[in-house]
Amino acid sequence: MLKDVEISRVIVENYMKGLLDSLTVDVAIVGAGPSGMVAGYYLAKEGVKVAIFEKKLSIGGGIWGGGMGFNKIVVQEDAKEILNEFGIDYKPFRKGLYVADAVEVAATIASRTVKAGVKIFNMVEVEDLVIKDGRVCGVVINWTSVKMAGLHVDPLTIEAQYVIDSTGHEAQITQHLLKRGMIEKIPGEGAMWAEMGERLTVENTKEIYPGLYVTGMAANAVSGAPRMGPIFGGMFMSGRKAAKEILEKLKK
Amino acid sequence: MLKDVEISRVIVENYMKGLLDSLTVDVAIVGAGPSGMVAGYYLAKEGVKVAIFEKKLSIGGGIWGGGMGFNKIVVQEDAKEILNEFGIDYKPFRKGLYVADAVEVAATIASRTVKAGVKIFNMVEVEDLVIKDGRVCGVVINWTSVKMAGLHVDPLTIEAQYVIDSTGHEAQITQHLLKRGMIEKIPGEGAMWAEMGERLTVENTKEIYPGLYVTGMAANAVSGAPRMGPIFGGMFMSGRKAAKEILEKLKK
Amino acid sequence: MLKDVEISRVIVENYMKGLLDSLTVDVAIVGAGPSGMVAGYYLAKEGVKVAIFEKKLSIGGGIWGGGMGFNKIVVQEDAKEILNEFGIDYKPFRKGLYVADAVEVAATIASRTVKAGVKIFNMVEVEDLVIKDGRVCGVVINWTSVKMAGLHVDPLTIEAQYVIDSTGHEAQITQHLLKRGMIEKIPGEGAMWAEMGERLTVENTKEIYPGLYVTGMAANAVSGAPRMGPIFGGMFMSGRKAAKEILEKLKK
Amino acid sequence: MLKDVEISRVIVENYMKGLLDSLTVDVAIVGAGPSGMVAGYYLAKEGVKVAIFEKKLSIGGGIWGGGMGFNKIVVQEDAKEILNEFGIDYKPFRKGLYVADAVEVAATIASRTVKAGVKIFNMVEVEDLVIKDGRVCGVVINWTSVKMAGLHVDPLTIEAQYVIDSTGHEAQITQHLLKRGMIEKIPGEGAMWAEMGERLTVENTKEIYPGLYVTGMAANAVSGAPRMGPIFGGMFMSGRKAAKEILEKLKK
Amino acid sequence: MLKDVEISRVIVENYMKGLLDSLTVDVAIVGAGPSGMVAGYYLAKEGVKVAIFEKKLSIGGGIWGGGMGFNKIVVQEDAKEILNEFGIDYKPFRKGLYVADAVEVAATIASRTVKAGVKIFNMVEVEDLVIKDGRVCGVVINWTSVKMAGLHVDPLTIEAQYVIDSTGHEAQITQHLLKRGMIEKIPGEGAMWAEMGERLTVENTKEIYPGLYVTGMAANAVSGAPRMGPIFGGMFMSGRKAAKEILEKLKK
Amino acid sequence: MLKDVEISRVIVENYMKGLLDSLTVDVAIVGAGPSGMVAGYYLAKEGVKVAIFEKKLSIGGGIWGGGMGFNKIVVQEDAKEILNEFGIDYKPFRKGLYVADAVEVAATIASRTVKAGVKIFNMVEVEDLVIKDGRVCGVVINWTSVKMAGLHVDPLTIEAQYVIDSTGHEAQITQHLLKRGMIEKIPGEGAMWAEMGERLTVENTKEIYPGLYVTGMAANAVSGAPRMGPIFGGMFMSGRKAAKEILEKLKK
Amino acid sequence: MLKDVEISRVIVENYMKGLLDSLTVDVAIVGAGPSGMVAGYYLAKEGVKVAIFEKKLSIGGGIWGGGMGFNKIVVQEDAKEILNEFGIDYKPFRKGLYVADAVEVAATIASRTVKAGVKIFNMVEVEDLVIKDGRVCGVVINWTSVKMAGLHVDPLTIEAQYVIDSTGHEAQITQHLLKRGMIEKIPGEGAMWAEMGERLTVENTKEIYPGLYVTGMAANAVSGAPRMGPIFGGMFMSGRKAAKEILEKLKK
Amino acid sequence: MLKDVEISRVIVENYMKGLLDSLTVDVAIVGAGPSGMVAGYYLAKEGVKVAIFEKKLSIGGGIWGGGMGFNKIVVQEDAKEILNEFGIDYKPFRKGLYVADAVEVAATIASRTVKAGVKIFNMVEVEDLVIKDGRVCGVVINWTSVKMAGLHVDPLTIEAQYVIDSTGHEAQITQHLLKRGMIEKIPGEGAMWAEMGERLTVENTKEIYPGLYVTGMAANAVSGAPRMGPIFGGMFMSGRKAAKEILEKLKK
C-alpha cells in the first residue's frame, strides 16, 4: 500500500541529503544555461564535485526560444564536436553552419549534465557571494520564490573553491563585485556582431577575480564584447574552456 | 565568414518548414508535461505524426519542482519500465517505490521525445478547438506571449485526427467543451489520495468526446478523481495508454 | 572559528529533522491566529503532537492591528483566565471588560505556544486536504512563496488524526469540502454584533466533517454567525474548546 | 470548400516569404510614425527596398490622438504639398495653417506607404543595432509581445545599408549608441516652442553615425531642440529629407 | 509667425465642432473593426450621418496582427468586390481564396471610411446604451483613458436612430441588454470552423433589439455561431448587410 | 421635457468655451493645493485672469488627510487673517496656534477661489513648459487620465505671462528646468523642522526663472529648506506673497 | 516658539475627541457624494448628530469630473432652490435647465455641510453593517488605506439610529444585506434615460431595511431605475428627502 | 451586556493615550527587528522611555524565516547570555554554536520587550527625521498603509533625545542624512563573511550623527562591513551595546 506521507518523506530526505552534501562543493555554477551546463558537464565527467544553481524552475536559459520564438538554433563548425559529445542531432545549412532543434538542445544538455553527476538546484537564486580575504569562496543562496514574493528571509551559503558566473548578459554575479568596487566596470554586451561575438566569448572566458570565472554572454558583458543572437557554438566552447582551466587549477 | 543574417535565415526557414509541415498532423497534444510527452513518444515511435503545443517557454510541466521545490519525484513499481524505456536513473526507497531526480526526469523525457520524432512547439498556446459536425478535428493556436501581452491578435489552426488534453488539473482544452455545453461538467481534481489517484489516472484516460483524449491530471479533473502530488507513475502510464488506444484507432 | 557553511548545515539539518518528524502528527492546525495557537497550546501541554501551518512569514493573524491599526484589543471576563494562563497583562476598562496590548498578546501567545511543544511552520500554505474514505486524514502543504510567485510546483502531504481550520473568516480549509460538494454551504460571517458573535464562536466550534474541526471566525463563517471586531475572548475559548474535545477523542 | 488549415498555410507562407525577403534590405526604418512612414514612402517610390519595424500592433505613432485626444492635427504651409502627395484632406485655419483629421492622416499615410512598396512589420521591436567596424549595418528584432511578456528569447537580425531612427522623442535606437559610448549624449527634446521646433526638426534630420539617420522628434531629441505638440509639418518634411539624402547616397 | 496657442485653438475648436455636430447622428457604430468601418462606409456613402466610437487609440480591431502576428489576412471570392471597392491589393492563393497585407487592409479601410464622411471618435468608450420605452436610441460615451485610469467620472450621451454593435466576439454593447434581462442569453462564439463561421456571420447580422444591430463576430457571439480566425470576407459582408438594412429603414 | 443629449451639449459647450477662453491667461498656476489656490484667489480678486491646472480629479492637495489621516490641520497666528478672509472656522490650541478641520479648509478655499473667478481645470496635468528666448511663457497640458493610461497622445499649450509652480515638494514644474540645465539643482525639502520651514516657505517664494514662480513646499524644495508637516500658515502666506509680487509686475 | 510635537499633539487630540464623540451618532452616512452631503446638511441644520464616512481622501464623489472630464454639471428647475440654499452659482441653458461649475459645486457643498455641523471622516471605509435583531444599528469602519494595502486588520464600529447608503450605483452598503439574504436582489442601475432616472431617484429614496436608507444612485441601483449622467438635481433632492423622512422619525 | 461601540471606545482611548504619551520619548527606535527590540528592552529595563516604530504589521524583521525559510537560527557563544536573559531555548550544535527556533526567538523577544515597558507602534513608518541645528531630535511618522496605498497625506512627528536606526541592511533612516549631504556615503553591506560580519556589527554600532545611532545590519551597511546570514548573536549584542551607550549619555 502506498501512503501519501511516504512520498513526502522520500522527497524531503533525498533532497536534504543532496543539499547537505552540496553545501561544500568544488565548483558552484550560477545559471543552468548553455555555458553553465556545458562547464558542469566537463567538470563532473572528471570527478569534480559540481552544483549548479538556477533561479528559474526549468533549466536551459535562452536556448528554448531559438530566435524570436522560432525554436531552432545555429551552431558553427568549431563546436560541432560538442554537439556530438552530447548526442544532439543537427542538420547542415551551408558549409560550417548547422541548425538544431532548440528543445532537443536544451533538454539533452540538461539530461546529460545531470547524468554526468552535476547536482542542479533549480528555483534557487544566488543573491550574493562569499568573499574572504580577497577571494571568492562561495555563494549565497535563497529560493527564487521568496525573492519573487518580496519576503524578507535570510539566505544560506554554499562553500566552493571556484564559482562560475554563467548568468548571461546581465552577469548578475559579477555585478556584486562591481557594486562593492572590487572591479572597475562592467561595460555590458556590445552591439550585435555574431562572428566577432562568437570568437570573443571564448577569449573572454576567464577568472576575472580570484575564485570567480565568467562564461558565455556574462564573459562578453564583462568585457564589452558583441552580442550574437541564437548561435550557440561560442557558449558551448566557453563552458568547456572554463571547465578545462578550473580542472587544471584543481589538480594543483 | 559568418553573416548575421544567415542565422536569421536558417532559423526562419527551418521553423517555418516545420510549422507548415505540422499544420496537418495525426495527433496534436496540448501540454508538454509528463503524460503529454510520454504519449507523444509512444506515438512517434510507431511512426505517427505528432505535434505537441506547450504554452510555456520550457517543457516539463509540474515535474521540475518535485515536491515543494525539493526537486525529487517518486515513481512506483508499475511505471518502472517506462523509466527504463527513457533511460532515467532511479533509486529504490522501499519495495515498489523509487525516487528520481526531477531535473533529470523532465529533461530526459523531453530529449527522448524529440528524438523519437515529435515536434514540440513551445511558447504556443492552444486557445480553442476546431470542431466540425460533432468531432474535434484540430486545435487553434497562438503565441503565448501575445496572450500574456494582452494583444488582440487572431490565431491559426492545426488540423489533427486526434487531440490530447494533457494540460494538467485545469483540463484547459476540455474546458472549451464545457463552456459550450458539449459536456456537462468538469468536477475538478478530488482531495489528495495518492494511491487512489494513481490508479484512477490510468482508468480515466479516455476519449471523452469524439476526437479528444484526456490524460494525466486532466483525466482526473474531468472525472473528479483524487490528486496525488509528486508521484508520476500514473502520469507516465496514462500517456502510454492514450498512445496505445489512438494507435489502434489510427490503424483502422 | 566560525564557518559560513556551518550555519547553513545546522539550519538545514534542524529544520529537516523537524519537518520529517512532523510529517505524521496527531493534530495539524491551519493558521497561527489566536484560536489556532490557543488550541495548539492546550493540546501540546497534554503531550499531543501538534504542528501549526501558517501561510504568512509571521504568526498572530488578525491580532497585531487591534482595531483600525490602533493596536489594542479587548477581552471579556470569561476569557480572562486564558490571559492569565499565558501571562499576558491587561487593564480593566469597565466591569467584565479588559484591554490589552495587541503586540504583547500576539507575541506572548506565540512564544508560549512554541515553548509548550507546538511546531510552527510559517510561510507554509495548506492548499488542500487529504481525504480517504470519508475522513480528513491530513493536509497538503506548499511554500507560500511558491504560491505567491505563481510557480507550478507540486505540494507535499502531512498525515494527521485531526485537522483544525483556524484560518479565520474565509474558512479556507473548509472551502475545500464545499468545492467538492462534501458540505452544502458556507454562509460566511454575519453582520457585526459582538456580543452574539462572541457567544456563537464557542458554540460553533465543532467537528464539521469527520477529522476536521473549525475554530474562531472560521467556526462563525461556517455557521453564518456574526462577526465581532477586535475582541478576542471568543477566539481564545474556541481554541481551548477544540483542544478539549480532540483530547478526549484522542484518549479513546 | 474552405479548409481551416488553408488559412493557416497561406498566412504563414506569405508572411515568411516576406520576412525572408526582408532579411536584407536597403533601408530599415524603426517606428511607423509620421516621419518614418513618409521616409519609407519616398524611398520605396524610387525603388528602394524598405522595411519598417513598428513595435505596436498598429501604426501611426503619436498621430491618432491629435492634441489631448481631440483627434485633429495641424500642418503648416511648407508641408501642404506632402498632404497633397498622400491625398489627405485639410481645411485652412488661417493663412498658412491647416487642420486635418488625425485618423484620416494616420490611416492614409499608412495605406499609401504600403502601396508604395514598403513592408511594414508591426508588433516587432528593434532591440539593438548590428554594428561592424564602426558602421551601423542592420537591426536586431524581436516580437514586442515577447518583450512585454518578459520572456527570455533571443532576437534575429536584419541587414541594411541604412537604418533610420524614427522612434520619436525617446530616440530609442540612438540610445544604443549612447549606452555604448559611441556618441556623447542625447540631450532630449527641449521645452515646447512649436515654431522653433518645426524648423529644427528638419535641420536636425541627418546621419548621426555612419549608417544611422534620425528623423522627426528623434532628430530633435538627439539635438536638444524644442518639442512642438500636435503640428506635423516638420515630421513630414523630416521624413522626406532623410529619404532624399539616403537616395543620393544609395545611387553612388 | 506660428503661435503655440493657435495650435491648441484650432484643434479644440474643430474637435468640439465635430463632437457637438455628432451628438445627434443617424447611426452610432461601436467599434472601428472591419465590420463596423465597412458598415459606416456604405452608410456614409449614401449620405447617412454616422459616428464610430472606438475605444482604442488606433482603429482596425483584430486586423493588424493577421494570424499569430503574421500580418497577412485571407478573403474569399464572395467578398472580393468589397476589397475592390476599397482599392485594396490582394493575391490569389488558390481558386476563390485571396491573401492581403493586414496593415494595408486596416489602414486603407479606415482611410476610405473617413473620406466617405464617417466621423471616427477614437479613444472613446461606449459604456452603456440609452434605452427609452423599449428602443435603443443612443449610446453613453466616456474617454477610454478615464476608464483605464479607474477614475470615477460621469459619461455623456449620443442620440442615434440606430446603434451597431461591432465590438467583436465580446459583443460588449449587447452585454448591456443581457445584464438587464432584455435579452435571454449571449452564448458566445462557437469553436473554430471557418467555413461555417463565415457563412453564419452574414446570416446573424440583424437587428437583435429595436434600434440595435449586431455585425461581425458580435453577430456570431450573440448567436453562438463558430469563430473563424484571420479570414475577413464575412466581416466585410456583415458590415455591408447591416448598412443596407439600415438604409432601407431610414428611407421609410 | 429633458433630452439626454441636451446635457451633453450644455456641458461640452460650456467647458470648451471656458477652455478656449483660458488658452491665453495672465497667470497659469500648476497644482490646486493650498498655496496655489490662495495665490489664485488673491490674483483673481484683483481682476487678473487665472487658470489652475490640477492633475487629480479633486483639488486640495495635501490638506485633506491632516496628519496621518487625522483630518485636522494647524495654522499659526501670522496666517489667521487668511483663514478669516476665506471664512474658515478655527479653534485656539494655545497662544498663537489654531486648529481647523481639514475637510472644511480644503473645500472652503476651493469654493471661494472659484467664486473669485479662478478657472480650475482638474484632471489636467502640466507635462512641460513653453519657454521662448529664456522666458517661461506658458504650460503644456494633457489629461491626467491619458498619462495614467500610458497612452501616447500629444499635449496642448496654454499661453501665460506668469506660471506658478505650486506642485508641492516634488516641484514638478521646476524639474523641467533642471532636466534641461536651465537651473543648477533642486536640493529637495530638508528634514522636518516646522518653525524654520514655515518661515522659509515665505522667504523662498520667488521668481526662480523669468516667468516662473515657486510657492509652498515647491519653494522649499527648490531651496533645500525644511519640511514642516500638517501646519499650513506658511503655505497660505506663500500663495499670497506670490500673488502680490505678480500683481505688481502685471501692473507695470 | 513653535514645537513640532505640538502640531502632532493638537491634531491627535482634536481628531480623537471628534472620533470618540462620533462613536455614537444619530445618523451615519456612507459616502460624501452629492446626495450624502445634502442629506447630512439638512439633518445637521436641524441639530441632528451626523457623521459622514468617505472612503476617498477627498469628498465629492462623481461631481468633480462633470461629463467626460468636462467639469460642468447640469441641474434642472426643481433643484434650483437647493443650489440657492448652498450659494452655488449657475447659468441658465434653456428654460428649466442650468449649468454650474463642477469644482464649485463639489467644494461648496462640502464647505457648507461641514459648517452645518456634520463631521466628515474621509479616508475611512465602511466595510460592513452592525445589525441586531433585524435592525441596522451602526456601521463597521476601517481606514481605506488599510484595505488598499491588503492588510489584515480588524475594524471598529459606529453606533447609529439610522444609516444612509449614499455610495452611488454600487450601493455598497446595501450589498451587505444582499450577501446575507436579507434582501432579495439589487438589480443595478438601468440603461441611461436622464428624465426618467431623475424622477425615480427621488421616488426610490426610502428606508429599504429597518434603519437603512438609500439615496442618489444607490436608490436607483437598488430599484433597477435608469442612470442619468452628469445631471445632479435628483441627487440633491434625494438627499433632502432622506433627511426630511429621518428627521420626522427621530422626532417621534 | 456588551455594546459594540464600547470596544471601539476602549481601543481608541487607550491607543491615543499611548500615542500622546509617546509623542515625546527619550529614545525612538526605528524597526522592531532583533537589534532594535533588544536595544529597547535594555533601555526600558532601566526606566528609559522608549517607543519602537515598525512599518510592518508584525514585528521580528528578518528572524521569522531563519535561512531560506527553514525557520531555525544560529547564535554563537558570546550572545548566549542574551538568549538566557530573554528565556529563549536553544540547542548546542558544536562548541560555541547554538541553534534556536526562529518563531520562538521572534515572539519571545517581542513579548519580553513589551513587558519591559517599550511601546511598539506597528504599521507605522518613519518617513524622515526631525533635525535642528545639526542634531537629530525626533522622527517623522506615518501609517505604512497610507504609504502603501500611495495616498498624499502629511505625517506627524515624535520628539526624542536619541533615535536608533535598526532598519536592517537598507539603513533607511541614515539614508535621509545621505540624501541631504549630511553624511558622505553609505557603502552598503559587504559580501557574505559571517565571522567578520558578526564581529564588526558590534564594532560598527555607534552614534553616526549627533542624536542618531545605528545598530545591527544598518550598522554594517553604513560601514560597508560584511553580511552574515541567519546568525543573530551580533544583532543582539549590537542592540545591547547601543542601549548601554545611550544609557550612559542620558544619565549625564
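Labels A, B, C, D, E, F, G and H are assigned to the chains in the order they are written; within every chain, residues are numbered from 1.
Here is the rule we go by: contacts are C-beta pairs under 8 Å (C-beta built on N, C-alpha and C of every residue); 3 or more make two chains touch, one makes a residue touch a chain.
Owing to the predicted nature of the structure, the values given are computational and were not obtained by experimental measurement.
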Handout entry: For subunit E and subunit H, chains touching each
Key = F, G
Completion exercise
The larger set of C-beta contacts, choosing between E-G and D-E, lies at D-E
Handout entry: Label of the chain whose CA centroid is most distant from the centroid of subunit C
Key = D
Fill in the blank from the handout: Matching A-C in over half of the residue-numbered contact pairs, the equivalent interface among D-E, B-D or F-H is B-D
Exercise for the section: Could you pull out the chain whose C-alpha mean position is farthest off from that of subunit H? Expected result: E
Handout entry: Where subunit A and subunit G are represented by their mean Cα positions, the distance between them in whole Å
Key = 61
Problem - Chain centre separation (subunit B, subunit H; CA means) in Å - result: 52
Handout entry: Computed distance of Cα centres, subunit H from subunit A, in Å
Key = 39
Problem - subunit H, residues touching no fewer than two other chains - result: 3-4, 7-8, 11-12, 16, 57, 64-70, 123, 130, 138, 143, 145-146, 151-153, 156-157, 192-194, 229-230
Handout entry: Pairs of chains in contact (touch as defined earlier), listed by label
Key = A-B, A-C, A-D, A-H, B-C, B-D, B-E, C-G, C-H, D-E, D-F, E-F, E-G, F-G, F-H, G-H
Completion exercise
Given the complex, residues on subunit F that touch subunit E span 3-5, 7-9, 11-13, 16, 19-20, 23-24, 57, 123, 130, 138, 143-146, 148-149, 151-153, 156-159
Practice task
Flag every residue of subunit A that touches subunit D in the complex, lowest number first.
Solution key: 61-62, 64-70, 168, 187-188, 190-194, 196, 224, 226-227, 229-230
Handout entry: Touching residues (chain side subunit E, partner subunit G) in the complex
Key = 128-132, 138, 140-143, 146, 151-157, 176, 179-180
Practice task
Please name which positions on subunit A make contact with subunit B in the complex.
Solution key: 1-4, 6-8, 10-12, 14-16, 18, 56-60, 64-74, 76, 89, 91, 93-94, 97, 99, 101-104, 106-108, 110-111, 114-115, 120-123, 143, 145, 192-195, 198, 228-231
